[in-house]
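Reading through the structure tokens given below for one structure.
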Amino acid sequence: MFMHNKRLQYTVRVSEPNPRLACMIMEQFGGADGELAAAMRYFTQGLGEDDMGRKDMLLDIATEELSHLEVVGSIVTMLNKGLKAQLAEGQMKEAELYLMVGASGTTAKESILFGGAPALCDSAGVPWTAAYVDSRGEPTVDLRSNIAAEARAKIVYERLINITDDPGVKDALGFLMTREIAHQKSFEKALYAIEHNFPTGKLPGVEKFASMYVNTSQGEGDANGPWNSGDEWDRVDDLEEVMPADGGDGTATVKLAAKDMKVVAKMGERTLSDPASDPTTGADIGAGPGAGRTKNGDMGGAANINEAPAQAEAAARKKTSKAKSR
Amino acid sequence: MFMHNKRLQYTVRVSEPNPRLACMIMEQFGGADGELAAAMRYFTQGLGEDDMGRKDMLLDIATEELSHLEVVGSIVTMLNKGLKAQLAEGQMKEAELYLMVGASGTTAKESILFGGAPALCDSAGVPWTAAYVDSRGEPTVDLRSNIAAEARAKIVYERLINITDDPGVKDALGFLMTREIAHQKSFEKALYAIEHNFPTGKLPGVEKFASMYVNTSQGEGDANGPWNSGDEWDRVDDLEEVMPADGGDGTATVKLAAKDMKVVAKMGERTLSDPASDPTTGADIGAGPGAGRTKNGDMGGAANINEAPAQAEAAARKKTSKAKSR
Amino acid sequence: MFMHNKRLQYTVRVSEPNPRLACMIMEQFGGADGELAAAMRYFTQGLGEDDMGRKDMLLDIATEELSHLEVVGSIVTMLNKGLKAQLAEGQMKEAELYLMVGASGTTAKESILFGGAPALCDSAGVPWTAAYVDSRGEPTVDLRSNIAAEARAKIVYERLINITDDPGVKDALGFLMTREIAHQKSFEKALYAIEHNFPTGKLPGVEKFASMYVNTSQGEGDANGPWNSGDEWDRVDDLEEVMPADGGDGTATVKLAAKDMKVVAKMGERTLSDPASDPTTGADIGAGPGAGRTKNGDMGGAANINEAPAQAEAAARKKTSKAKSR
Amino acid sequence: MFMHNKRLQYTVRVSEPNPRLACMIMEQFGGADGELAAAMRYFTQGLGEDDMGRKDMLLDIATEELSHLEVVGSIVTMLNKGLKAQLAEGQMKEAELYLMVGASGTTAKESILFGGAPALCDSAGVPWTAAYVDSRGEPTVDLRSNIAAEARAKIVYERLINITDDPGVKDALGFLMTREIAHQKSFEKALYAIEHNFPTGKLPGVEKFASMYVNTSQGEGDANGPWNSGDEWDRVDDLEEVMPADGGDGTATVKLAAKDMKVVAKMGERTLSDPASDPTTGADIGAGPGAGRTKNGDMGGAANINEAPAQAEAAARKKTSKAKSR
Amino acid sequence: MFMHNKRLQYTVRVSEPNPRLACMIMEQFGGADGELAAAMRYFTQGLGEDDMGRKDMLLDIATEELSHLEVVGSIVTMLNKGLKAQLAEGQMKEAELYLMVGASGTTAKESILFGGAPALCDSAGVPWTAAYVDSRGEPTVDLRSNIAAEARAKIVYERLINITDDPGVKDALGFLMTREIAHQKSFEKALYAIEHNFPTGKLPGVEKFASMYVNTSQGEGDANGPWNSGDEWDRVDDLEEVMPADGGDGTATVKLAAKDMKVVAKMGERTLSDPASDPTTGADIGAGPGAGRTKNGDMGGAANINEAPAQAEAAARKKTSKAKSR
Amino acid sequence: MFMHNKRLQYTVRVSEPNPRLACMIMEQFGGADGELAAAMRYFTQGLGEDDMGRKDMLLDIATEELSHLEVVGSIVTMLNKGLKAQLAEGQMKEAELYLMVGASGTTAKESILFGGAPALCDSAGVPWTAAYVDSRGEPTVDLRSNIAAEARAKIVYERLINITDDPGVKDALGFLMTREIAHQKSFEKALYAIEHNFPTGKLPGVEKFASMYVNTSQGEGDANGPWNSGDEWDRVDDLEEVMPADGGDGTATVKLAAKDMKVVAKMGERTLSDPASDPTTGADIGAGPGAGRTKNGDMGGAANINEAPAQAEAAARKKTSKAKSR
């Protein structure tokens, strides 16, 4: 069960209103790596977890992330406080308010739709979606996702710190960023406290494919590194070898019942493409008789997009069009 | 630049059509941890990467994931091949086709909207979204996301393998699962080939908050582990200590200009809540005069949802209602 | 700041696993009217609220909704507990597991992607989106949205209760449903504790349009009621009167600068439609010369979709097609 | 069946083009509280309604909302008229057009993707989604949702009016805003014309939980009001009382079959977390041997994010790194 | 199977960084008509296609679109190259960086969340969704969708060209735009190489409805053209004729079993609307006794939204409110 | 302005309730090719159109599509009528209702969330999104999109007809399908009534790239057809020729200012990958010392996923784990 105290986990001291900065910081309120995503990632894992130690840790950190969500939302609220009242009370000139709400994009939505209150949208005004939550119900997998998520959240806070010069906001963002570092460390500990955590899950994989590196992108820029070279790797440079990687012919087949085969054939006939045809097409009609190689002519001299062929072409079109459309 | 050969990276041998299994396997075609998500995660990172070694690796693996997308899509195509033709040609009785398309849910959408062709939806029919792609433009972050993503994809393949008894499908899924293991190893190597990769990014964090563990979830079930105990951690059990964690008062404040303060006050007055009032509400009206404690009465004896109080209550309502509505 | 205790707000006693019921109950975990939507609706309002009484109430109820989210998630976890382990450990026959995961749709996604852990998706497997959260930063508006939201959540629980015969699940759902009733009452009180709460906001509206009822849907079934009849209403039955409702001509106009007008004219010429033309179209080509009134013929006698005209038609097509395509 | 007349319900007189204002007004075209959401909310309810009076009202208002959608779309069209032609005909200098389309965000999308034509996106360029439509098939619920929706739409129009100084646009917005007031009144009448409309639905709820108020958020700022105090409420301040609210132990349990229990145990063993371990983690490796308390040291003096510790730290790293990576 | 070469299909020469232009060009990277949508449209069709000629063409063009995705992503990367490094290394003053990232909207998200790396979002920052992919598994349908999609992509490139004055970017965009023209031609040829491609699919339609044109929108502006006039069309101007178009009564009916009919009646009674009532509503309470015609009075003289009636009205409210709220 | 008559455009006669069929038919109510998508596609185009003839046609057809939306919604309503009442009144046994609502997936959502009323979701329960609407503000483009959209809608109706054996439903679906054919014909006429409609827009394209066909997918299955062969095409088989297609080197470059170059270099150093390293990774730690080639050993004999290596492997793990975790 959750409880709440109206004091924040970190004091928020904003120097002056700044609705545009508010919208940028909403990235950590309703964005992909924001605090709701973090809280919900660990909360859903915690509910589904049987191991008591991990369950406790997941609920500890999920709960703290909710408190962070509250801190971020409070920053947004303070940065918008003046705008919110002005917009609600309509005491300023329209043109001034228009400039204040930011004319279009996130700031407009944040003002017009949400009235300056904190909203679960990211810095572009896109609503939060649970598609961001990558809990998968297997601890050796989920802990890796958590480690990665904390790393992502850390870097987003770092970028926000880099662009903010309000010292109170910067200070609170610094706290939040640091907590992501601490959380990453906890999740790392929890991952490695599971003895065999790689490969994840239970099935070991097919041995010969587990150490194969396929050099799929070739040409200039091909490089070596510990990720594709050395004793651990069987590297494939000749791609024909993996077309296919097994001993088959690289096709896809299915055994169909006779009645299905007959209908498949029927469908094939109905939609048969005649490779020997040279059909007149809608584009041919649409281009007009003299319009060039679309059918069997030449596009003329007008084809450089950096010049201005439009008039000449239009003139050419004028001439030929009546003949055709009827 | 991409090139293509019509042979697959792995031969697909499906024993018999199975449109329901097709829909489940679509999880790895158009799902959150599917091959498109993988390909696009590494492709976007590869484009933005300056380090030539990592760029090459990212494009190698992105390209291979596209080939896996093709293998998965080919499995889906084969499993649907009979259904697709039957639905297109309408040669079966309606009732039989109705059963074949699966009545509702993913299989219905896959049949009716997509005609049995592979579609970028997950196993519940939800369209793929780039919200699944968590590339963030910082290699120490992105490589951790890649490691986690490969771990996730591995476990999803494992589950599909666990529920599939078509040996050809199982075989191909085994190849795909194993490649995720190999890719995870490559990304791990690439991460640790960057000397200082933790904390991610550049800012070090505030020291005292980087080793603090806040025991936010308490009560029975509280547990210790390397993630919250030992020399590395400053553990906070008394939550008052972090309300707030800094030396402030845990409130959120902003310095407003005089004109904003005046309008904020105005807004406060306009929407003032009178705590001493006891207003009649819409619910009071809606419940009716004798409807119990909603306003000033008692809900009666009918309140157990497991019994059937509806009639008695309805009778009670009948009596009282005319007096009121007019 | 949030705190947590690992005891639930209501004890969950599930009689036996039932993964399908679990998916249905996810409607209240990650669905439109589920507990996350409720918690986030009130939490975002609470953060943005200046009135101390309402702020306290909003945070009280937001926090309780998080505890309800936990109860619902715990029900889902229990209903899936067997499936989750079976899928993870792969100890059952594939065909049995295949049946257990439900073959396609939500149950498949819940099993294959989420491994049976609770996920923020609704009963169709659609991820939760903040588009469900309709907080707007004005209390007379938001409290009405809260009242409506509680009403919606109540009815969804009622439906779940109606289809559940596990007594422990039913009991917990009954608690949750009832709390929505209580919350609705709180929000009603808070709305009517604001003296003038209608019309919402500050602008009063244009008097003559505020009591006008436009009878836009006419014909049989036209009805009267207090919503369109009586002294309070100016009813418009002759729709010509409101084409337009003002004294104008019902068109849309803008004053353009000369240079814009010239270009608008130019665009008009370029894309001019010739109403007197009778062009041959792509459909004409595609239908073939004898294919009927598409161009200038007759569709033949085959047009009843309940019969089987396909063969005759195909024969007809055969004849005419060669003449045309080349 | 729907019919249409090309005259608008309200004359639109725009003073001059303003593509940025156009994008803000799109909030009411393709936004959460826009006219499409309104029309579809009432239309879906109307189709499913059996009560002839309510059905007629719902279709009346749904149809009028479509006419409002047309008015809003016409405003957007007029505000964009110059831009649309300029962009299509490419007669201006690139740099001028670039400024005109607004560089990025909604205005860029509206120009580049939609060519200045009205699009069903909100003021941030997010496509409309039916997730905004909260019809639930129960009139006592739906009418409350409609009341709330009209209240929301009213306030959004009010904000748009507050920022617009084009008198023709302001005038049309004033009409639209006022109609929301009128529609709210109709829906209120229809709600209260149902005798017993609270609690919604049919099940009455569990009596003792229907008047309980849980004071979940405590600490400074706790407040009283008619929503939590007075005869109608049983207020819970000691939260232990509702951990849980029933007589149980606040845990979640399920009765598992023996074979499931065995596998659950197996899964527990496989993913067992060793609480007594002190494992070396990926973060430990990534931080380097001298990197401080991540493992067993001290973070050094560099931890103030407001200073510039990067160089010193980098130097420190240099020294220690070779030892480790091999 | 896919292969890759690190050379691009077209050389990208960007004159100088321009993060705002980068975001606009993302429309063709992660937008509705962007290269990923194109690639996935043809790729999914190619996988499902049995006709060898069309399959080859679809995979040819799908593969080329992936190469275009790479070219567009490379343009975005180059335009962001300076910003990306500045943001990562934090060497500029916060206020300068703040201006560089663009304050809010797409540019903010592109900087803060994605760090300046190419992301699968459109020019408004909305993530790509497979909802853009309209493959339907029937070639006569899909080829038309492809033709339309190429037409759309062409015009979006044209608009980007019109606003770009960086010659290198313009040049690459010109190449990409032209390839859409070429691809449209290929798809047109493939469509018309199927002999009978209209109507699509197999069922011919009901003859009398296939040539009927319903003049649903009437009034001033009614126009004639080859789309509604001439021998091919049976035009309906009197809409009563198609209410309904069949010989029935235009209602919707279903035959219900007796037990269902009884419950339908029951539901009707429970939620019966009393058309003769004149209920007091929540809005009546909220407006206050003297607030005008909401219930039975007059709205006063304050109703012009362009004036400032708020104070007078507030005064009026003051007087009347105490009587009521208690 | 829109008007409405409560008679339908086509009489709906449903033989008996069938909630599962209802959900399938929702594909055309709230699905990608459903009637709302059609109506909104033409409506948004109509609003933005200047050509009076096309504007009239677009509004005619948009309005008719709204009437079709009503017909489809009425079918859904009738198919659900019994279920809706049963669920609302709770008169059936829970277990029976549970079966009736369909247990999970669309039917569950349609029942539990929407109460059996028509909802703007597709056959998988995914909410409608304006991402389906591909209007682009250029008539030669939009008309092609309309043609394609009608073709898609036609085929979806055909599939629904193929699986439906309720004659009344089939009859109404036949009407709706046929109207799509008629609408496609109108849009074709309107497209070809514009004289030069190809290439779309105004810029002609770069001549040499407009007739180039790149044979990107090679290997067995390469095929010829009018889409890549013949006088109209310059076919490229040797892909080196188009790496790149221009005379450049196929790289992406940007000219950076000196200060940016310096920071780019700095970022490069900070995140430098050491290609000569052989780092120990998290996976190495996680696999355990004897776990095989992950680091420098062999995966053992357990690697065949079709066998059951789990126990042996677990035993192996037991042995080696203690040594390592500490």
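We call the chains A, B, C, D, E and F, going by the order they appear; numbering starts again at 1 in every chain.
Basically, a contact is a pair of C-beta atoms (placed from the backbone, for glycine too) under 8 Å apart; a residue touches a chain by one contact, two chains touch by 3 or more.
The chain lineup, named per UniProt: A, B, C, D, E, F = Catalase.
In this text, all values refer to a predicted model and were calculated from it rather than measured experimentally.
Listed by label, the chains touching chain E (Catalase) and chain F (Catalase) alike are A, B, C, D.
When each chain is reduced to the average of its Cα atoms, E sits farthest from chain B (Catalase).
Chain centres here are means of the Cα atoms, and by that rule the chain farthest away from chain D (Catalase) is F. Copies chain D (Catalase) and chain F (Catalase) of the same chain sequence form an interface built mainly from equivalent positions, shared numbers / all numbers used being over half. Chain B (Catalase) and chain F (Catalase) have CA centres that are 18 Å apart. Once the centre of each chain is set as its mean CA position, chain B (Catalase) and chain D (Catalase) turn out to be 17 Å apart. Inter-chain centre distance (chain A (Catalase) to chain B (Catalase), centres taken as mean C-alpha positions): 12 Å.
Listed for chain A (Catalase) are residues 1-9, 32-33, 53-56, 59-60, 62-64, 67, 74, 77, 84, 88-90, 104-106, 113, 115, 121, 124-127, 129, 131, 136, 138, 140, 147, 155-156, 158, 161, 170-171, 174, 177-178, 184-185, 189-195, 198-199, 201-203, 205-206, 210-211, 216-217, 219, 221-226, 232, 242-244, 250, 264, 267, 270, 273-275, 277-283, 285, 294, 305, 325, each touching two or more other chains.
If touching chains are joined by edges, the resulting network of the protein chains shown connects every chain directly with every other. Taken together, the chain E (Catalase) residues at the contact with chain F (Catalase) in this complex read 5, 7-17, 32-33, 52-57, 59-64, 67, 74-75, 77-79, 81-82, 84-86, 88-89, 91, 129, 131-132, 134, 136, 138, 140-141, 144-145, 147-149, 151-152, 154-156, 158, 161, 171, 174-175, 177-179, 181-182, 184-187, 189-190, 193, 198-203, 205-206, 209-217, 221-228, 232, 242-257, 260, 263-264, 266-267, 270. Here chain B (Catalase) touches chain C (Catalase) in the complex through residues 20-21, 23-24, 27, 31-33, 90, 102, 104-107, 122-126, 155-156, 158-165, 170, 216-222, 239, 242-244, 250, 264, 267-268, 270-275, 277, 279-284, 294, 305-306, going by the rule given at the top. Residues 1-9, 30, 36, 40, 43-45, 47-48, 55-56, 59-60, 62-64, 66-67, 69-70, 73-74, 76-77, 84, 88-90, 113-121, 127-131, 133, 135-138, 201-203, 270, 274, 277-282, 285, 314, 325-326 of chain A (Catalase) touch chain C (Catalase) in their complex. The touching residues of chain E (Catalase), counted against chain C (Catalase) in their complex, run 140, 191-199, 202-208, 210-211, 219, 223-226, 230-232, 243, 273, 275, 277-279, 282-283, 285-288, 291, 293-296, 299-300, 302-305, 309-310, 313-314, 317, 321, 325.
Residues of chain D (Catalase) touching chain E (Catalase) in their complex: 1-7, 50-51, 53-54, 87, 90, 93-95, 97-98, 101, 103-106, 108-109, 111-113, 115, 121, 124-127, 138-140, 147, 161, 167, 170-171, 174, 177-178, 184-185, 188-195, 202.
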